[in-house]
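Some structures are shown below for you to check.
Both of the next two complexes hold subunit A, though its partner changes from subunit B to subunit C.
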Partner chain A sequence: MAQTAIPAPAPAPADTVTEAVSERSRRARWPASLIAGVILLLIFAGIAVAAPAFGNPLQQNLLTGLSRTGLPLGISWAHPLGTDLLGRSELARLAFGIRTSMIVAIVSNVTSIAIGAAVGLAAGFFRGPVEAILMRVTDVGLALPYTLAALVIAGLMTAGLTRVIVIITALFWAYPARLVYGEVLRLRHRGFVESADAIGARGVSIAGRHLLPHVFPLLVTYSPLNAASAVVFEATLSYLGAGINPPTASLGNMISDGQTAISYAPHLLLVPAVAILLITMSFLLIGEGLKARNPDLARVSWLGR
Partner chain B sequence: MARTMIRRLGFGVIAVLGVAVLSFLLEFVIPGDPARAIAPRAQSAAVLRNITIQLHLNRPLIIQFLDYFGQLFRGNLGTSYVQRQSVTSLIGPRLATTGELALAGVIAEVILGGGLGIVAALYPRVRAAVSAVNLTLLALPQFVVGLLLLLIFGFKLHLAPVTGGAGPAEIVLPALTLGLVGAPWYAQIVADQMGDSLASAYVRTAVAKGLPDRYILWRHVLRNVLSPAITMIGMDLGAYLSGVVTVEVVFGWPGIGLLAVDSLQDLDRPVVMGTVIVGAVAVVFFNLVADVLRMYVDPRTREEQA
Partner chain C sequence: MSRSADDGPRWPLPVARDSTSRRGFLRMSGAAGLLGTLGAAGAASSLAACSSGAAATSPTAAGGGVRIKEYVPGPQPVSGGQYGGTVRVVWSDPPNSLDPALGYNLTAWDAITELVFFGGLMAYDKQLGGPVANIAAGPPAMSADNTTLTFTLRPGVKFHNGREIVASDFIYSWERMLAPAMASWATSYLTSIAGASELIAGKTKKLEGVEARGDHTLVVHLTAPDFTILNALALPFTAPVPREEVERLGATKFGQTPVGSGPFRITSYDSAAQTAAFERFDDYMYPGLPYLDAVTYRWGVDPNVQLLELENGSVDLLGPGIPSSQAAYVLANPTLRDLAQQRPSPGNLWLTIYNMDKPPFDNPKVRQALNWAVDRAALGRETYGTFAPWGAPFPQQIASFRQTFTPYGYDPAKARQLLAEAGYPHGFSAELTISSDDPYPTVAQVVQAQLSAVGVHVSLNEVSSNALLSLEEAEQTGGGHLQLDADDWYEVQPTPADEVDALYVSGASSNYNRYSNAQVDSLAARARRTFDEAERNTIYAQIQQIIGEDAPFVFLESALWLAGVGKRLHNYQYRGETYTYYDRLWV
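Up next, the complex of A and B:
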């Protein structure tokens, strides 16, 4: 009987295993989505910083920037992304639109999360009337019809970056407040909080020194998702004329301009649309990557639409 | 369970009142004179003054406030400054139009999102592709999706009408917009829940005792998806009924969102208030209905709430 040689499984050399393990942990620290998101975001940050290098976004070229029948130009060497309805360089406007989006994303992300975290920490830590009032106010914030509330606030202010950031902050703080509050509820009966309380630490110090560090990873994971929603919401506001108004370039008002030319110059719609897609995508990829690194935080969800 | 519901209902009423008070005050801070908005070409100050008196806008803010909320508790939303008819009769038909769109949109997102989620859960090979689709849809603002659909199906393929209106042909693209934008949320929930369920002991037991796959899928796996899906549907119905402003603007869909935008421009305060209050009520009401339904479908949530 011919014996088929069954090759014994070669014992894996110790260093291979170590390598495999370290390879896995390296991957877990830097998931592909996180790397892709960070690279994309760096590219957009670069464009935002170097926006003036792409040309003047306000320069109207009614003679050279439009076709002989007065229509926007398509892609050419002189105008890499064509021109808009007033003969302005679409590339320059795009770069400044990206700059607007990035500023809004960063600033309103910080403000809304800071306010939300403060409210959530305070409500979770001081019980009684403070908790009740803060959480009912948060409920109101969550029950507000977003777009309508934004339009009402928009009526109070003059157009510009500040208006957009105020609106987004006013509407976006409630969700992180709820997230932080839930986390503090879980933590406040844990030993380290109760012992800090027992040795007579003041409320502010317990909230800041003991609770905040525990809530921090949650906020870090939430922030790219919040930034993505902020970019989307800025574009929506400017599209509706309630955010940044022309001639200042914003991806939203570029689309609003471009939609009037939808049947003959669709690139005026597509160019800013792709930019919004990629910026938001970079934040979402970072969010996904952070969740993959820390599966405990996978319950952090996306916010706005 | 009944006590939890009453408590939540109480919170809901407080939230709606909070929204109402907030928007009432905000509207008074908005610069602009409603009288001027009603009679933009009025030359004499007397005309403007008469309008102001007619609308009781000359009274102190606190009196106007008490007046408005007194009427509100009697179910009266007041009279439109501009249209000269009751706010209720203005909002009614708009709410119905938005309701059609909201319902069609939710159906579209459940089908699209549910489909994506089920495919991702059952076929691991396409999981990466599904999450790429999810992320793309998630990254696009509603109005961009709407305009892209208009560009492709309206202007390039000539398959859909590009004019506004509320007919059966006109509803397809706006509903599809809501469906596409909402789909990734459902896909995520369905895929997660099905994944947990497929890995569970009760599904293993069901397979071991020889139940047919289809039976296991419907009775054991998909049933678990139902409860979070109901919560999402409730949230979406409420949010959409409060006016899908951007979609209504893009497609010229004459719903409550478009009414709100128009009256905001006209400084027609009673109508703006009416739309905001109806919107907040819709949000709170459908969240509550979803909670009740969920407790009915999924006994585990009953204990959780107690």
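Up next, the complex of A and C:
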């Protein structure tokens, strides 16, 4: 999974990148933020893959998993992260919650960026009515109030992982479409595109073979940010009851359950909240690292690099 | 169906149609319930040690064929009561309307039953027991055939504007409430009054069956004997409203600052600041009451925050009660436990079984199997404090009803056997739709695990409470796709009639799963005509037996009321049907 989420550094256009890289040290190729992000993400990917090893997230222990008065148990050897309101192991639920989040992050990231890239490429390359229609639809997509639109889509579908992925894809494709469209407009009249055109290459071939490789680094840099948003949005949806339904563990569900118990079992809220924070953090660090490596995107970043 | 976002008692949403929607109301004093003495309820309650002097009961046999159990001349000053002070009440939701004909949600109901209005001709005046005379000077004189009720009004009872209440005020108020333009939720409570149905249908503007003889005599003609009318006359939608104030204020303002005759006048209503304030009404019909100078409401507060505010003393009373998710914690915590007062409640919670004309639920054995498969004791650990295990159709605690039905217990072997007999030895799959409100997700997950142990694999579909209500209403018209859902009911009348007439009779307003049993229908009609309580209870016991065996629901739990009451309050009295008695509360 990790491989999908951290795409290898793109075969970036050699003319610009090699010069830039030669000026930079090895540290710049592997900035600290990238290393930290990759390590964190690998840890979470490992937890997600090995989730069943942490126990059964659905096993309720209404008698042994709760205190005498029916309250969740705290941290102990038997339950390293305590139990939740139904006496289920919080550790097992956390592991499966992370698995859910990672699947959502990766799948919806790929689908939303793929759709966005296709729309952006088509609109930027073909121009004319295709551009007008696709970009106006994109504008609408960008203008949608996310939560409200998500609740509407949720009402039309049955609960589950697929629903969350569909919702996130439906709401998250518009931004990459905009991004790619802008880049294609910039590249559209560069020499290599016009010469391909001149020797009679077909439009699809130009878009796929000449434009896409140039757009790719941009998407690679954008995708961790997109994935981070997807993780947060999945949690939001599940929290609102429009995402993953109980009893399936998801970080959003766990937060939703945990908030009512904040006064007597704060770990039920803190554990999933910290997990979301760290997963998001790992994606953002990777995004920062990739950005720092790409001179085309050299901007002032939030890490000051 | 409809419930508020409250964590307290589940509440039905408004259904703007001519029907009884389910109102959630709760319980009487636990101690009094154990004593089983209706009359001594208030004073006997250990929870309200300095209780109402209203307990001076004289079980007067009223004349004219009436068999109203008791007559109590209303709340009286209590020895030790202190005058003055303000009580601060906090709520989750805004009142939907303070117009007594329209108010139905928790917040509104509290204000229109106990503050701005107090009962109507009749009232529930104690924590337990049936309706007693209120604005009426005594119980109605009834004709031999129990279809004509003659009320004599108590003289000198005043509206907050100082005018005396006369018989014609009731006619005006009831005609106003029944008129189609008003779209009141409660019209079906009055359909036994002659001419009410025509008025509801918009065929007339006059309520033929009610006449005023002078200022102090009101005669009500019924189309058929109906004992529930006396309960309806104790509920706020039949309370008199002053015509001149309704016309002066207009519909919107009357819904915010109504003029009534209860113990407190409303002095401000601010929907932006989410507050309302009520001030002592000095001419309240029960002299010497209320004790408090003022009551204030504040709403829009998260249930968990409400509890924190109660804990630090910045509020005195939690309107929606202690949230279900906090009940176990509060009751286990030595300092918080003092703030909680538990009362039984005429309310219950169940899973509704739909599609009883299609497999697998067409077979009663399957429905019974589900009832045997649920371990209610384990479920009770999750809902500790706000619901108790109870596997029977009617709530565990109804003031005037003795249970004879043996509740379903936990017997997975029997459940498997019944499923096998019905042709499902390996069980089946179904979808359970729930609202996301506390405690449904918890309850549903526990039940899901228990049902899967007998091979019934239930998937959960969580939706908002509004969405669930529309799905349920679609079922009623035959267009739904629900298989199982979780729901509840709180009674507004201290009788099983409240549930039977709304949930179980064919075509009843909240009979969402279209349960239909001709025997239940005819027994329910007979019970409604029966004024003798013992005889009536025999009929309701039969009805409960039939429904229990038909098992149109998976009966789960009976409600409890866990009040959050600040330490400075004294003489806290409460009943499920009408909530907190503010008139006898002091600080």
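Keep this in mind: the second predicted complex is superposed on the first by the 272 of 305 C-alpha atoms of A that agree within 3 Å, B and C clash if a C-alpha of one lies under 4 Å from a C-alpha of the other, contacts with A are read in each partner's own complex, and residues count from 1 in each chain.
Note that a residue touches a chain if its C-beta (ideal position, glycine included) is under 8 Å from a C-beta of that chain, and two chains touch if they have at least 3 such contacts.
These numbers were taken from a predicted model, which means no experiment stands behind them.
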item: When subunit B and subunit C are modelled together on subunit A, clash or fit; value: clash
item: Touched partner set for A:Ala275, first subunit B, second subunit C, both or neither; value: neither
item: Subunit B or subunit C, by number of subunit A residues touched; value: B
item: Contacts of A:Gly70 with subunit B and subunit C, given as first, second, both or neither; value: second
item: Which of subunit B and subunit C A:Ala292 touches, first, second, both or neither; value: neither
item: Subunit B versus subunit C as contact partner of A:Ile262, first or second or both or neither; value: both
item: Touching partner for A:Ala235 - first (subunit B), second (subunit C), both, neither; value: first
item: Touched partner set for A:Leu62, first subunit B, second subunit C, both or neither; value: second
item: Partner chain in contact with A:Arg136 - subunit B first, subunit C second, else both or neither; value: first
item: Which of subunit B and subunit C A:Pro145 touches, first, second, both or neither; value: first
item: Which superposed partner A:Gly155 touches (first subunit B, second subunit C, both, neither); value: both
item: Clash-bearing segment of subunit B relative to subunit C, given 55-63, 109-117 or 163-171; value: 163-171
item: Residues on subunit A lying within both footprints (that of subunit B and that of subunit C); value: 155, 240, 259, 262-263
item: Residue ranges of subunit C touching subunit A (in the complex, touch as defined); value: 304, 307-308, 323, 325-326, 328-329, 331-333, 378, 381-382, 384, 436, 438, 441-442, 444-446, 448-449, 459-464, 467
item: Interface residues, subunit A side, partner subunit C - complex; value: 58, 60, 62-63, 66-67, 69-71, 85-86, 155, 158-159, 240-241, 245-247, 257, 259-264
item: Subunit B residues touching subunit A - in the complex, by the definition given at the top; value: 11, 14-16, 18-19, 22-23, 26-27, 29-32, 135-136, 138-144, 147-148, 150-151, 155, 181-182, 185, 239, 242-243, 245-246, 249, 257, 260-261, 264, 272, 275-276, 279-280, 283-284
item: Residues on subunit A engaged by subunit B in the complex (per definition of touch); value: 136-137, 139-140, 142-145, 147-149, 151-153, 155-156, 228, 232, 235-236, 239-240, 252, 255, 259, 262-263, 266, 269, 273, 276-278, 280-281, 284-285, 288, 302, 305
